[in-house]
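In the two complexes below, chain A is the common chain; its partner is chain B in one and chain C in the other.
Now for the complex of A and B:
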């Protein structure tokens, strides 16, 4: 099952999940906006890595995440 | 820190400066989105908008209207618009007497480091202020540029497809009463302008050209100024 992980954003310790732009159970297309995270006054949009269904969100809104942390699973 | 922003080569990166002069917020925001799409598609190089906005409060993604301390009547009387925008951060003020720069930058050419990019923007402001005789600095955990306890420049950025939107706002002679109508960034922060700190009155154009010069060094750019309408007709 393909994972959605926090990409390498450079010299960033951790980010906060601002909002999931898709809900669990929804279908997503490769390159579609999936989740928005924020660090140091910067918001960053993470896109779906492939087509599929957003099965599980592991870092809900408000949670912190670090590089390579598992954010969600797409099936 | 600065070298990583230059990207993989030591060659200069072509960049365009579009001076908008005085402009309303919404139209400028639409222009940013248009340029973002063009930059994402690789149609245009890194492009920096400079603008002096009509009075406006903008609220970032994690911001709240509770940090807006005045009601609708005051906003209407003062002619201040309010917009919710996609950048990071809370509420901020833009208005006459403030230099705003919106660099539409592909960070894939600048080391893919969003924290490094924000520090680059801050460093440009700090360097220019030092040249004008003002000692300014960062404060840990509080992005922006500070002169002791007072904030002189705000930073707020949005990144999508590794291309940036929004940017920085530096107070040259901003309206103090308008600033007092908000808790900037959700905190009780006092704003300060360049005019409060130096005897000489610098024009916004002088401050803009100083900032662009500093950014050329920091980001490895060679900035060429173009006339906005002509640029968009030819490239957009």
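Now for the complex of A and C:
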């Protein structure tokens, strides 16, 4: 099952998940905005890495994540 | 959780940008160089490094001053200077193939010359070894000492920058107590006198509680000091416990201020919420 991982965001140690723009069970398209995470200074929008269904969110709103952490699974 | 305005949202880096970041990180690590991109947790790091540019931070990563808007660590480096830094810097610039480079440093009040001799040597080494590269030096105030200012001015930077950072009234509450509005203007004016061929550049951080009139006063004061290039950006709290922004200026307000700055006589202006003082420095110089 394809993973959605926290990409390299530049000079960022840790982010907080601000908002999932899709719910579990919803279909997503490659390149569609999926989740917003925030750093100390800004907010990054992470896109879906491929078409599919968002089956599981592993880092819900409010959770912290680091580079390469598993955020969700798309099937 | 803070509600950030929509204009402070960025797309996660593209694959090309991630590749650029990997290249820049490799060069920095190999030559043991620091950048303000990292020190200041810059939101544009992916964009700039993605296009293989960076703002080098000389003289270590620990600053002797503590300005409230800044993410760089404060401490006492106890006189430590790395004499091989200028040569490694030139090597890194060559490897990255940069045409324009911004050099800055932490404040070094622990050194009698504030780090000016190393800074000046770094400028000279880059200019000598890479004559095609334009050099922008963003320097501290050197406590207003004449000799360090002259040494840096004489090193031949194409752009000499010193950031005024904050409007007059708010300077004491935001900048380190050793910094001052009048001193920063005097540093810029003296650079103009000592290095008439260098372009002068400065920067203001907005959203700290200043009024529009106070921003315009600061811009007029910078023009009067001879500054021709200016950047205007939004204050972004550097830490969770840092003072929040008094206000997030809308992109249109930055555009309007940029127009005002041009009408005051600045030859080039970069203004916007995510603009930092070295953002798009090459383009600013080219205009």
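In this section, the second predicted complex is superposed on the first by the 75 of 75 C-alpha atoms of A that agree within 3 Å, B and C clash if a C-alpha of one lies under 4 Å from a C-alpha of the other, contacts with A are read in each partner's own complex, and residues count from 1 in each chain.
Keep in mind that, in the parts below, a residue touches a chain if its C-beta (ideal position, glycine included) is under 8 Å from a C-beta of that chain, and two chains touch if they have at least 3 such contacts.
Keep in mind it's a predicted model, so treat the numbers as computed, not measured.
> Check whether A:18 is in contact with chain B, with chain C, with both or with neither, and answer first, second, both or neither.
In the superposed model, A:18 contacts both chain B and chain C.
> Is A:40 touching anything from chain B or chain C once the two structures are fitted on A? First, second, both or neither.
The answer is both, since A:40 touches chain B and chain C.
> So in the superposed three-chain picture, is A:27 touching just chain B, just chain C, both, or none of them (first/second/both/neither)?
neither
> Using the superposition on chain A as set up above, list the residues of chain A that contact both chain B and chain C.
Common interface on chain A, chain B vs chain C: 8-12, 16, 18, 36, 38-45, 47.
> Within the complex, which stretch of chain B touches chain A?
4, 60-62, 86-89, 111-118, 143-144, 155-161
> So in the complex, the part of chain C that touches chain A is made up of which residues?
Interface residues on chain C, with respect to chain A: 1-2, 4, 8-13, 18, 21-22, 37-38, 41-46, 49, 71, 236-240, 274.
> Quick check: in the complex, which residue numbers of chain A touch chain B?
Residue list for chain A touching chain B: 8-12, 16, 18-19, 33, 36, 38-45, 47.
> Considering the complex alone, what residue numbers of chain A touch chain C?
7-12, 16, 18, 36, 38-47, 62
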